[in-house]
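Note that chain A is present in both complexes that follow, paired respectively with chain B and with chain C.
Moving on, here comes the complex of A and B:
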């Protein structure tokens, strides 16, 4: 079965769509759970992870690399959940965090700004001007986040398989579309698709184990053969090799591991 | 019955899906063939209409006045055809001027970039790398065209009811999605939405009548009442308003014309240097 990622802006009703799709297909609906998993596994306070996925990286973050570390932890937690298939994820950047997995249906839900503003006014009891500015600020924050970390614009339509506008189409219509698309052959979890998600999860595990000390590492895995790329010089690369060897003996599923220093990482690396 | 307006970053894919959707629905397909009729009816070269629809304004290209007239002619003809309902329209930029009509399904198709590059490489006998660059350049130019001529970014997904990427979903699935969507009641024509489309068509006819003599004009229609916005120098304002009223008043369906003339700042500045 498939994995569905639902990308959304605030008050776009994307969460509602995701929950209804999960209920109809009997899938697990995952949002905040990924943060909790990462928080438990890596012993990081939930609030820090929430900030990492919500706020765009500041100038200071570019030097401390804290945000990249937290995101690596979250990607690791998400990939682990995705290994079990039958999942609807409505958290941030699912379409980017699960890149290269063929049976992921990437959906974006959009809604006219005026309707989002009306909802914000009702919920927060603020005036139209303030509500509009809050939503636009939130959108901008998300745009910056994706652009800084992935070099992509979340509004770029080419990153999604399906974009649905909740206006003339209702939430129920959107749920219909997504459920029908999930039934298509190309979103079936074939053995090859399962292998790919397993490899992604393994690469994420390796990266999560290294990122704290070696923030610039990128990792790929194919059939359990793990390649670690780093921009670091020879001395650091040597230390990294030592660490990776220890990891390979401790971690399950790794057949072989190689470290490549000074080589640009391939596009599908995490 | 409803109307489907298909926009795409690949003309070939957009046309394929629009034609297939028309066939599945038993609707009429409205595409670039309409330019032949427009060219004959208004005695303009068809190639020039194509050029106005495809190429972004440039210093050495078509003048903005001529481009404006050609686009106004295409818009008028397309809106006239859309009044007939049961139409799937593609290739006439209708997604940029058929706005606020609830029984129109606005859809964007995104071709698979790799497949598109392979097609271009085959067609033009160029390397895949060169074809990729051409595809990318065409997308940018198309976006620029929509912004220059209609002040709408056609690549922005929020302008559409749904956007389907063909990277994972096939053309047949995209067609099925169109058919399914039109089954929703929201896309049934209502008295109000039909009136909105009629207003848009009347405004387009008035614009065609005015654009040749008066250059850039903005026209809105509500029933038989038409509002025209244009620019003129202070001393010419009254005369221009009278002339616009006279020409617009002769268009069939127009009962009343209101003209707003604002000061032409650019001409004023140009004259102050004389």
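Moving on, here comes the complex of A and C:
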């Protein structure tokens, strides 16, 4: 029926909420699996992928573009899973990675800092000061990550459909709310919605196949008409064109593919 | 030597300003020329009459007449019809293709503006390259160079040569005849082509062919227009709009890469080249232009029925009313650098852009966002009337004639007659060039080869003002004695030399000048100078001037010439490619020019 993405900070009990929602709706719950998929498919050690999706890009990443590559792989793996609908994803940045898909319910789970600190103290056996600074550092890292890669603040409420604060609301309450929202007409997987996720997945596949050589490409797909955008100059673009043509003959579902060099990529490009 | 006067210094200052502006291109070259036209009389370096004398000069009137005659020939479609037979003659060997097309282009550009000839063959050459797997870079440069060299075959072939007689007038030297330069010009064209045939493999960039398996079936004579597909008429089902979001023409384009060129709006208004925002309703007919597989895919997915042929729109889309054409973005075109969305051809001209053809790739999808570049070919559909309005605007060089009703093939005989008459007058009766050519142009208007309005529209005012505006600078250089002063200074520095050496130096000087400032600018500045030098060195001043007129076409080392600028993108050339091939051709040019001049005119 729908896809639910749960965005959360550490110790916000988001994972618990996600798992319970999945159990109640009989959806698949996906978290680390996406990383494993990507690691398998593209032969990248899991730890590198985790780091890519958690740590903010360093100065070095600006030159090596490793982060963009790994994120493209993860997005590709996530979009593939999302094609099957009925999924709750509680990994990082689901709301950003599955952009443009109409039947995604974007949830953010927050929890008061004092409770999160208390949990951290209990789990790690550290003092309050240290626990607080660990959590704040983690939050800051995630904020920087989305800021540098997507130019958005994860605490920007306008990105989500539903923000639930686990304090007065219990985990069970949150699960109730989410399940109710999932049942709404807007989150039904219409043929149009399925087409959109199919196109997103196709665009992600194309990008994943190109990104290790052409890190700056952005890809869109609409009804199987794939457009590859690049800032590269003519010569580079020509090489890219040849590679894309080969790709198009190998991949299924591509009706037409073109490389548009020097054209700013649209908002919905991956 | 005379002392340097304030006026001379002012003239030199103005020359420096002009050269500087030519190089940095803060304003367009024709604007620089107008600046000269205005500032020279303000500085009292020329009289107001002299400032504008350029506009009535022999050269400017000749160029106007040549452009009108060229437009007249164009109207008859003779030149466009050359493309297919020439390609047939060219066959499949790269050398033959280069020779056949180069000679044709050189011939055309000896009587017309060479950029037009160059653009005419551009899409054809790209297709030949694709279907025969010859890298396009190996074909375009020889052809482009031939177009430039063709300008040296007659006195009306290029602006510098047309200017020459006017610049010689103050010196009371005998003017040149139309075909006085022909032996030299032919030798230059021949040597240019020979350079590429003999040394092509060393001087041309080594690229790979653009061909892929599926293209082998495409014949070289087929056109880009085949790639944009055919017209298909479809009708939407009665339940087309039920339970769904409204579908617009733009949606169909994005989803199926087909362009709606005609549609009925309920109850039964027929709209040709509709706006992309128009909604598609149930139970209506529409005509799309696209590939068959795309049209069928759309029909299947949207439940439309494909008709066997055009039915409802048989009249509106018949061949005499509308059609699909291809046009190339010209250098200095106001369209270059803009996207189709910004240009809004759909709204302003009511034509439907179908595809962009660039460097061997066809772009169909979301072409509204692509910034057009010089040398891009644009396929469009529209009624002939609207396409002609677009053509009149002058930013695009049409390679398919915007034709049928507006083309006048039956007038070919008149066009040919008036051209021949003008030539006979020039050769047989020693009447001034501008008068003869204007007679030919007038004849074409009177015999309705083209209307007088079409004649006015065809004139490229940029060229006119560039020529007319720089002529006063030449006058000022001469009148104030600046030219004589510099000539004496240079001769004083190099001492006495043989005439041949002097001409060679003049040739090299002109070549350098034409690369940096425009060919017209170089001619205007150098002719008074070299005539003075030649007089002082007791060499034939007419030959020195002719060397300038010819060598200012020696513009190969940098892609500054319009034709080179046009071919640079499509040929995927870099500046270094031009330097490599251009250096050889330039050196050969100078040697052949001096050699033939001394052979025919006994320098």
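To be clear about the criterion, the second predicted complex is superposed on the first by the 270 of 270 C-alpha atoms of A that agree within 3 Å, B and C clash if a C-alpha of one lies under 4 Å from a C-alpha of the other, contacts with A are read in each partner's own complex, and residues count from 1 in each chain.
In the analysis below, a residue touches a chain if its C-beta (ideal position, glycine included) is under 8 Å from a C-beta of that chain, and two chains touch if they have at least 3 such contacts.
None of these values were measured; they are calculated from a predicted model.
K.L.:
Should the pairing of chain B and chain C on chain A count as a clash or a fit in the superposition?
P.N.:
fit
K.L.:
Is A:26 contacted by the first partner chain B, the second partner chain C, both or neither?
P.N.:
In the superposition, A:26 contacts neither chain B nor chain C.
K.L.:
Kindly classify A:241 by the partners it touches after superposition: chain B alone (first), chain C alone (second), both, or neither?
P.N.:
second
K.L.:
Should A:105 be classified as contacting the first partner (chain B), the second (chain C), both, or neither?
P.N.:
After superposing on A, A:105 lies in contact with chain B but is clear of chain C.
K.L.:
With both complexes overlaid on chain A, does A:267 touch chain B (first), chain C (second), both or neither?
P.N.:
neither
K.L.:
According to the contact criterion defined above, which of chain B and chain C contacts more residues of chain A?
P.N.:
Ranking chain B and chain C by residues of chain A touched puts B first.
K.L.:
For A:252, using the defined touch cut-off, is the partner it touches chain B, chain C, both, or neither? Pick first, second, both or neither.
P.N.:
A:252 contacts neither chain B nor chain C.
K.L.:
Contact-wise, after the overlay, does A:225 reach chain B, chain C, both or neither (first, second, both, neither)?
P.N.:
Only chain C is touched by A:225; chain B is not.
K.L.:
In the overlaid three-chain picture, which partner chain does A:186 touch, first (chain B) or second (chain C), both, or neither?
P.N.:
First partner only.
K.L.:
Quick check for you: in the superposed arrangement, does A:162 touch first (chain B), second (chain C), both or neither?
P.N.:
So A:162 only meets chain B here.
K.L.:
If you take every C-alpha pair with one atom in chain B and one in chain C, what is the shortest distance in Å after superposing?
P.N.:
17
K.L.:
Shared contact residues on chain A, chain B side and chain C side combined as an intersection?
P.N.:
No residue of chain A touches both chain B and chain C.
K.L.:
Can you tell me which positions in chain B touch chain A when the two form their complex?
P.N.:
Listed in rising order, the residues are 102, 105, 108, 110, 113, 155-158, 160-165, 167-170, 173, 176-177, 180-181, 184, 186-187.
K.L.:
Show me the residue ranges of chain A that touch chain B in the complex, using the header's touch definition.
P.N.:
The touching residues are 105-106, 108, 110, 112, 155, 157-158, 160-165, 167-170, 173, 176-177, 180-181, 184, 186-187.
K.L.:
Chain C touches which residues of chain A in the complex?
P.N.:
Against chain C, chain A makes touches at 192, 222-223, 225, 227, 234-235, 238, 241, 245, 255-256, 258-260, 262-264.
K.L.:
Quick check: in the complex, which residue numbers of chain C touch chain A?
P.N.:
Result: residues 212, 245, 254-257, 294, 297, 359, 361, 363-366, 369-371, 569, 572 of chain C touch chain A.
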